[in-house]
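Structures given as structure tokens follow.
Both complexes below contain chain A, partnered by chain B and then by chain C.
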Partner chain A sequence: MKVPVFSQKSFGVVALAAAVAFPLVVGNTFFQHIMILFFMFATMAVAWNIMGGYAGMFSFGQVAFFGIGAYTSSFLLITCHVNPWLGLIAGGLGAAIVGAAIGYPCSNLRGHYFAIATIAFGEIVRTCFNNWKMVGAAEGLSLPMLDEGLLNFMFHSSKLPYYYIILVFLLIALAVCYLVSTSKMGYYFRAIKESHDVAEVLGVNVVWYRLMAVMVSAFLSAMAGTFYAQYVLYIDPDSVLLLPISIQIVLISMLGGAGSVMGPVIGAAILIPISEITRVWLGSKGTGIDMLIYGFLITMISVYQPRGVWGLFAGAGRRAR
Partner chain B sequence: MPEQLLQQIVNGLLIGFMYSLIAIGLTLIWGVMNIVNFAHGDFLMVGMFTSFWLYTLYGLDPLFSIPICTALLFVMGMLIYRFIVSKVMAGPMLAQLVVTFGVSIFISNLAVYLWTPDFRLIAKPLLSGTWNLGAVQLSIPKTVAAAGSIITSLAVFLFLKKTRTGKAILATEMDREAALLMGINTDRVNSLSFGMGAALVGIAGAFLSTYYYIYPQVGGLFGTIAFCIVALGGFGSISGAFIAGILVGLVQTLGGFFFDPAYKYAIVFMIYLVTVWIRPQGLLGW
Partner chain C sequence: MNKEPCLRVQGVTKHFGGLTANDNVDFAVEEGEIVSIIGPNGAGKSTLFNCITGFYKPNRGKIFFFGKEITRYRADRVCKIGIARTFQVVQVISDMTVLENVTTGALLHYTKVGRAREKAEEVLTFSGLMEKKHFLGTELTIADKKKLEVSMALATQPRLLMLDESMAGLTVVELRGMIDLIKSIRKNGVTVVVVEHVMEAVMEISDRVVVLNSGKKIMEGTPTDVVTNPEVIQAYLGDKYHAVCK
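Let's look at the complex of A and B:
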């Protein structure tokens, strides 16, 4: 399988320059907000892609890692006044450990069985947080107001710092994904994706590498979770642990092109503005029409563009499988 | 305490039989096509709403709307297979997983759009009240629904074992290519099984509407529980799904009884994880 690294790189440079310049040109906070969500979902989709796109483990429970990240840093900040940046590391490690704990028993599951196990995992985590008094149960957690500044990971006067922080997170995720995809590990991941059994016979420690994929993916998703908590300053199970968020992450990766570094970014660039704008324009009345369009979109993408739009950019040389 | 426990066991059995019927539809689709139908719970919701509107607009009791629900869902299932699912069967596995999510979100939000997210109940169903059997209270609509579920499950089982069409479905489930070589039209079998799977939740929906709240998102929970049941019973196994449905119903109510009711669904999902870990083929899978 040939991955055209150069075209991805040149595309990346142009896109990055545009991303850095965007908020300086566009002052509208609504558009800045959409861009922030775009970067956040792109970060999670890139994290998903490491697991799903490269190692072939289709996770529909990514929201659990996102939620664990958000809850860990917020809880530490509220109860022990731990700096959010340390909380971010703690959340990432926590999510990675939970991911490994759940990933180990699931390490022989394939295809549908794995996918449903991840849904079950996400729902168990949501149920637990929804009833866990110590972390606010269904009421969630409100973060205390701290002084503005990078050290406190909190800004009140402008969205700009959040914008650049999440952009950096996305770049970190992309760098990790790029390193993984070009390293020995990346080749092992692809071997596992092509055939679990063949990879095992050829001497790949399948269980170990699958766990690695889960842990890396969990850590990156949890980073996005902490970001979300610091950005919105309020989290509850319904905002950071819902199954539809997991599905959105999968869809973004699939639409962009699972198994390529830039694919999920493109997927997020298409899907997040559409879903945010339809939500704001049509969803405010709670009529469900925005989700109706969204469901229709998912169905159409699966039927007509299941290998992602990245394939269109990268030419005929690349195929997801 | 023993009386309460007995009551919980009875409640668990009654909901368990409903779960069985829902899961049989799901396992049929999953077994034949290797497609996970995430919209299964939403089919159930359509069945419940059909029954609700037939009652509200035309005064037809849910018991008598069963044939209509069945027929409607059967056609809906066939159409969804023909125009959506069949198109992704040859595509990447990810698309096969995601496509029914799309259908699920579409159907449930269409219901929100058309009928608002409100909770509804059928005001005066023909069946209501309870039988008092000493210590145990037996809700009449739940008991009739459970009986209907047993009869339907038995009918499905006999249909698959005794009729030519049923045998063709089973053959396709065992080995698609061999079935194709034997002259079985597997595409027709697919479409038939999808229709049947949907029709079965149509029946379940009509029964459930006699005593359960009817709202657009009602399918989510039933659908997810049905996956756990199918996995527990064994991939594609009808009798496995039947037994596992009863077990899950019991575990859910007893789990809620002995621990915290808030965690009863988490316990059901734990069953799935433990099953696929310890015995991935399920109770009766092969």
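Let's look at the complex of A and C:
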């Protein structure tokens, strides 16, 4: 799939302008909340995309990195009064180290076997946190209220700062993804995705590059985890370590177009608002219709545009050339 | 001066359970030569290829590249020291263009993608695929895919190129193109080892031929020696090839 970079760039510039202007035009906090969730899931999906979309490592355990990020910064804040920004870096590094530790023994697993291993990894992490008393076990952690401000990564009077912080996180994730995709590493990831044998005969150290993919992806996912903890101020295993979150991240990326920089953002822009709006408007009736709509959309995209929504643009770009 | 051969395979044995795929195989390839490995299906040619290129570890024996032992090297390390290969079933990166595929190979010696791309374009001009540089790997004919695979291998700037049935299934015209390409590769100073069934090509390009059967080397010599050897003709080539070497 050859996606012309200029079109991704121009799309990105327009989308960024709209994103910056949105909360200034729309004052409704519910819609701002949806946008915050959209950016957060988009950040995680972009992070997943580096691993799953480019390097072909289909991870269903991404939520573990998200959870480790959330727990690390929250735990450090509660017990050692470590500033959440430092906690964010610690969480990112912690997730990257855990990712490398689990990625190394899984380095020879391919395709479905790797996916199964990541499900097990995610569940193991959830079970550990569910029973680990030091981090609140199943009760989770409540973050202390600090003074409002950027330094404390905590805002009580408005969602706007959270909105712009997670937007910046998303831009960081996109920048990393763009740099990776256009660099030697990106080429090697795509070779690994095609086949380990092809990559190896081109001189690619497959184990090393797969670990790099996991670590970069884990760090970015953990950043989103810290953001979530600071935004909601309460975390427990059921909110930050649940398997359906991992599945949702994969679906977002696949729907938008895995293996392209902007694909996961488009996926999140479609799925998160639908998911939230149908849940809020229809979910309370208990009919499950929100999930039906969600499922129908995913099925349609899978059948008619398996390369994801971004595949439509990419196809048009290639035809134009 | 006793110069080390480009490749020396010394007593290589490879078992898969109870099956001996390679049994004490010895041969050497001098720098600048084109050597063909032939033999019927199941003779152990591809296994030997895989042992040399680091995909399999031999149970016994040693492999040397310009005198340096590489028996236990991983496949990517084998590539880094200067041995490139292609596969029996063509393998290219399907969602990349021809240029990107070859650039990926060239990145072995360059950090910057731009420089690697320049090298890739040089290789594509050499292999005659420059006009198709924007095609996806999947959009190529089988002959072009094989050329692409050779180009990817060449982009890693090897000293030894190992081709696994790169001429199988080609039309007469395509075969001519591939033979000419292999000859020009050698002219550029790259040693070539081919596993091949297409005897027409083997006869034309090879300086020497190694014959394997049931994992053992049964003969080694010039193409004429091999195809005039009654045992080889009867057992592996069939009578019809006898005419080729008259």
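Convention: the second predicted complex is superposed on the first by the 301 of 321 C-alpha atoms of A that agree within 3 Å, B and C clash if a C-alpha of one lies under 4 Å from a C-alpha of the other, contacts with A are read in each partner's own complex, and residues count from 1 in each chain.
In the analysis below, a contact is a pair of C-beta atoms (placed from the backbone, for glycine too) under 8 Å apart; a residue touches a chain by one contact, two chains touch by 3 or more.
Remember, predicted model here, so these are calculated numbers, not experimental data.
After overlaying the two complexes on the shared chain, residue contacts for A:V216 are found with neither chain B nor chain C. Set against each other, chain B and chain C touch different numbers of residues in chain A, with B touching more. Using the contact criterion defined above for the overlaid structures, shared-chain residue A:D197 touches chain C, although it does not reach chain B.
In the superposition on chain A, A:A64 contacts neither chain B nor chain C. In the overlay built on the shared chain, the residue A:L88 is in contact with neither chain B nor chain C. After overlaying the two complexes on the shared chain, residue contacts for A:N108 are found with chain B alone; chain C is out of touch. Once the two complexes are overlaid on the shared chain, A:V206 sits against chain C while remaining clear of chain B.
When the two structures are aligned on the shared chain, A:S183 is found in touch with chain C, with no touch to chain B. Contacts of chain A with chain B, set against its contacts with chain C after fitting on chain A, overlap at residues 321.
By the touch criterion given at the top, residues 53-55, 74-76, 79-80, 84-87, 91-97, 100, 103-105, 107-108, 110-113, 116, 134, 136, 152-153, 156 of chain C touch chain A in their complex. Of all the residues in chain B, the ones that touch chain A in their complex are 30, 34, 36, 84, 87-88, 91-99, 101-113, 117, 216, 220, 224, 227-228, 231, 260, 262-263, 265-266, 269-270, 272-273, 276-277, 280.
Residue ranges on chain A touching chain C, taken from their complex, read 1-2, 182-184, 187-188, 190-191, 194-195, 197-206, 259, 321.
On the side of chain A, the complex with chain B involves touching residues 52, 58, 60, 102, 105-106, 108-109, 111-113, 115-117, 119-121, 123-124, 127-128, 130-131, 243-244, 247, 250-251, 254, 258, 286-289, 291-292, 294-303, 306-307, 320-321.
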